[in-house]
Amino acid sequence: MQLGLVGLGKMGGNMRDRLREAGHDVVGYDRNPALSDAENLADLVAKLAAPRAIWVMVPAGVTEATIDELAPLLSPGDLIIDGGNSRFSSDGPRAGRLSTRGIGYMDVGVSGGVWGKDNGYGLMVGGSDENVARMMPIFDTLKPAGEFGFVHAGPVGAGHYAKMVHNGIEYGLMHAYAEGFELLEASELVTNVPGVFRSWREGTVIRSWLLDLMDLALTDDAHLEKLKGYADDTGEGRWTVEEAIRLAVPMHVISAALFARFESRQDDSPAMKAIAALRNQFGGHAVQQAG
Amino acid sequence: MQLGLVGLGKMGGNMRDRLREAGHDVVGYDRNPALSDAENLADLVAKLAAPRAIWVMVPAGVTEATIDELAPLLSPGDLIIDGGNSRFSSDGPRAGRLSTRGIGYMDVGVSGGVWGKDNGYGLMVGGSDENVARMMPIFDTLKPAGEFGFVHAGPVGAGHYAKMVHNGIEYGLMHAYAEGFELLEASELVTNVPGVFRSWREGTVIRSWLLDLMDLALTDDAHLEKLKGYADDTGEGRWTVEEAIRLAVPMHVISAALFARFESRQDDSPAMKAIAALRNQFGGHAVQQAG
Amino acid sequence: MQLGLVGLGKMGGNMRDRLREAGHDVVGYDRNPALSDAENLADLVAKLAAPRAIWVMVPAGVTEATIDELAPLLSPGDLIIDGGNSRFSSDGPRAGRLSTRGIGYMDVGVSGGVWGKDNGYGLMVGGSDENVARMMPIFDTLKPAGEFGFVHAGPVGAGHYAKMVHNGIEYGLMHAYAEGFELLEASELVTNVPGVFRSWREGTVIRSWLLDLMDLALTDDAHLEKLKGYADDTGEGRWTVEEAIRLAVPMHVISAALFARFESRQDDSPAMKAIAALRNQFGGHAVQQAG
Amino acid sequence: MQLGLVGLGKMGGNMRDRLREAGHDVVGYDRNPALSDAENLADLVAKLAAPRAIWVMVPAGVTEATIDELAPLLSPGDLIIDGGNSRFSSDGPRAGRLSTRGIGYMDVGVSGGVWGKDNGYGLMVGGSDENVARMMPIFDTLKPAGEFGFVHAGPVGAGHYAKMVHNGIEYGLMHAYAEGFELLEASELVTNVPGVFRSWREGTVIRSWLLDLMDLALTDDAHLEKLKGYADDTGEGRWTVEEAIRLAVPMHVISAALFARFESRQDDSPAMKAIAALRNQFGGHAVQQAG
């Protein structure tokens, strides 16, 4: 089927390729003319036959502006699909605004990273049954072969919600492996840490795709000496913990993984300065002077 | 090759089957005569040609006693392999005691649960190069097909150490999924929680064997209504955190998962009674009277 | 000085008493006629000489509505002080709305609970220097004698912000004592747990007012057998962790204390059901059937 | 009464002064001749009239050796009091060894740091009723004036146990204040962080001696710029969490405070290197190369 695709970066570009290989008619737009099939959004819209379906795949920070720019160019019956990492709570209001113009809206959480082009993308979809049915040819191509990798999670917002939780879980999983790595590295007994991770890839309870990646990383750099212990966080982790707080759901593990990322970006810890100051006050414990 | 196997429960019994199917000559002993190939340990030893290799696969609580009973029956050159869940710190002293009799010792951490019979078992081995080489025919049969599932992790103790860390990581992974499940269940937006988990099995960053099992469980019981939120812990989780403390390794995630298991077994929380008492004292906050 | 006081519950009523004892002219209003000095808000306003100062001391959930009802009754130059537990982020917008009518606004975080009437209240104030100066006679009476117990923390919002952090810290402190209590109760060695807490009230590093309260509670009920381990949370704890997330501040301790309150209100843990389900799947571990 | 005192460092020296001011006959021994009243342990013993009471106040690492050296010099009926930070689990075996020589043993957890000389020391005592009664004149002098600051917590070991829990609680309390400090420092609204802490010293729920110290520290250095966020840990924190694990007591808060100290001493986090490596693998996320 025909699809407009806004945003042809690492994710969008690969998705265009995967869709075209399956015979879909994809017209892409990107601010970078070298990547783009259209000169601007108006040109993109002009190149699509109504009723149009336009998939927006841009960084979360510019999604709202992109949709605001796109909406006036569209006609009733057109459909916008947000495949980016928007916060779920923005989906309902956005769908409401678009519906006043007769434009439909769906949200799709997309997982799979740079590997998705070949493996397929995990898709979590929020929207009406009707819109899901309309887009199934696209979903069927983007998702992995086989019975998994796609879910209609609920109404508008549910796709991004499921993706948010997916990423929150991802934080926790990654940190569990990371703690295990640190302990093995500290151990005097285990002399072959990369081999231990490698062995775990089959037969064990903890085998996973992330573990496969850990093996690749350790094959490359056995003690990860080339890297700094620094990690950004991208919104979904924070939103997951905020949702947990809103819904009174205990979330010790995912929050700990999130906080560890915060810590990784600090040159020094103000909290630990306070600890040092208190120890100095009550016990005359030795402290380290800054600088 | 010929192998003595002590302990023919859920794990040992399946391992005997897998080894025999591959043509190994396994003589098994179990306290349960219905399962056993030998009348007692002495009979088991008598049925094996020297130099013997005897794999002990009994609950961690009786491993020490089993080996103490077995050792005097053996001859110099014989080899004991402990495939149970012993604490790594017991391996070195045990190997030392056996070596005074000329008996060799190896430790093997075995993962895979009831699925190992067909999929193969993840094996983490601690011991000398010589003993590893001697046992490779057995390891090659027990491990999964393919390049993964086996590691010689280091000297005596390293196998159990790696298995301990494996189980610690397992605690963390499971709890990350569990927190995600609880949040999705609490969400007003996501109407198809089992479908979300099912979809994650392919194409996503968080796909794993544990996730596959989560899908199976939710297929069976969409809201896990048949189960109580109660979980035992089996030693390795505690030892992992204790090791982290000994080696000054921060372990927020795995410890949180461990503590959650402790909480799951409490009828009421003494700590939260203290919180309730304090709130009552300073604010006249309503408290709930016990029973 | 003259002060209007809206809300004469546990906190407001005590504050009226403390202010009157010091000679202030307090006109109070409460929905409960038995407590109230005025028939309604209009009557309250009528009983005060302009420029008026009205302190609103109502539950956080009705503060906004109370101020919305009050504002049209006031005159330029009047001043509203919110002493309740509003979220700091509502202060700025509220001050902005009131300023269009020429009405001033301050926020005051008030600590001290039911003990404040006699001990004085800890006051954290947000607002302009001018408004702080105007209200100092009231603050001086409400605060404890001595050099502590009052701070002008910053502009509008800073008072509630400081109170929010105060309460977040309170969550952490309480839970530290609570964990210590639970461990002592579990110990086989310590036979006099109430005595241990009592002893800590002087000479130790951990002496505090909360510890004094813990001693009172244990004097009353040595094992806290009369209480359920159940605790509500009142907003500030959640907001503290949300602010930490917004500002990328690691907050392991206060978040753990918050999550423990969530757990205390659950009959069963959905997360731990998931753990039980997974253990059942991979290991055939015994699970407990619900009810 | 007469008391032998081994170890005249920061704690022991101050205790000698406090005891002498109250009229006790204290004979002190220290390896440093400038501090010592006796040439060696034998000389110390010779200077004391039987039945002797000797208080050992040396670093935990040398307590065992000191007592082993002292015991053969003593006579039946003598009593050793360990006031250092021994692990509670060493007390029982130690008392057993001494009892074969007819020598009594008590353990005393001592809190108060450098402030104890003037304020008195919090004392948590483990031992028999008879030995406690024998030493009460000393305890009465060392403890603070008033009704608090002393407890006979239980049999041998209970004193160190209570002190261990005291220190575990201390870790949690300190970290709660530290997190609050970090959040206030990060806030855009609160412009007077030292003033906020100072105000909390009276009238609030969170007032405490540690808060008083925090005020002193911030008065000295408003943003703690002179200090590094670095903190040692001294055994009791680790033992507290280990005991929690042994007794299946959830301990999210105290363990988090302990782990934060571990982190404070790391130049870079191996765990976060693993996170960075995984993010790089699956998403091509930017990573920071190590130095």
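The chains carry the letters A, B, C and D, assigned in the order they are written, with residues numbered from 1 in each.
Keep this in mind: a contact is a pair of C-beta atoms (placed from the backbone, for glycine too) under 8 Å apart; a residue touches a chain by one contact, two chains touch by 3 or more.
Predicted model, so just to flag it, every value in this text is computed and none were measured.
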From chain C, the most remote chain by mean C-alpha position: B
When chain B is superposed on chain C by its C-alpha atoms, the rotation angle in degrees, nearest 5: 180
Distance between chain centroids, defined by C-alpha means - chain B, chain C (Å): 47
Approximate Å spacing (C-alpha centroids) for the pair chain C, chain D: 33
Centre-to-centre distance between chain D and chain B (centres being mean Cα positions), rounded to whole Å: 37
In chain B, residues with contacts to at least two other chains: 113, 175, 177, 179, 182, 186, 205, 210, 248-252, 256, 259-260, 263, 269, 271, 282
Chain A to chain D touching residues, read off their complex: 10, 113-115, 174-175, 177-179, 181-182, 185-186, 210, 213-214, 216-218, 221, 224-232, 252, 256, 260-261, 263-264, 268-290
Complex contacts: residues of chain D adjacent to chain C: 88, 111-113, 116, 119-124, 126, 143-144, 146, 148-155, 157-158, 161-162, 165-173, 175-177, 179-180, 182-184, 186-187, 189-192, 195-196, 198-211, 240, 243-244, 247-254, 256-257, 259-260
Footprint of chain D on chain B - complex, ascending: 205, 233, 238, 241-242, 245-246, 248-252, 255-256, 258-260, 262-263, 265, 269, 271, 282
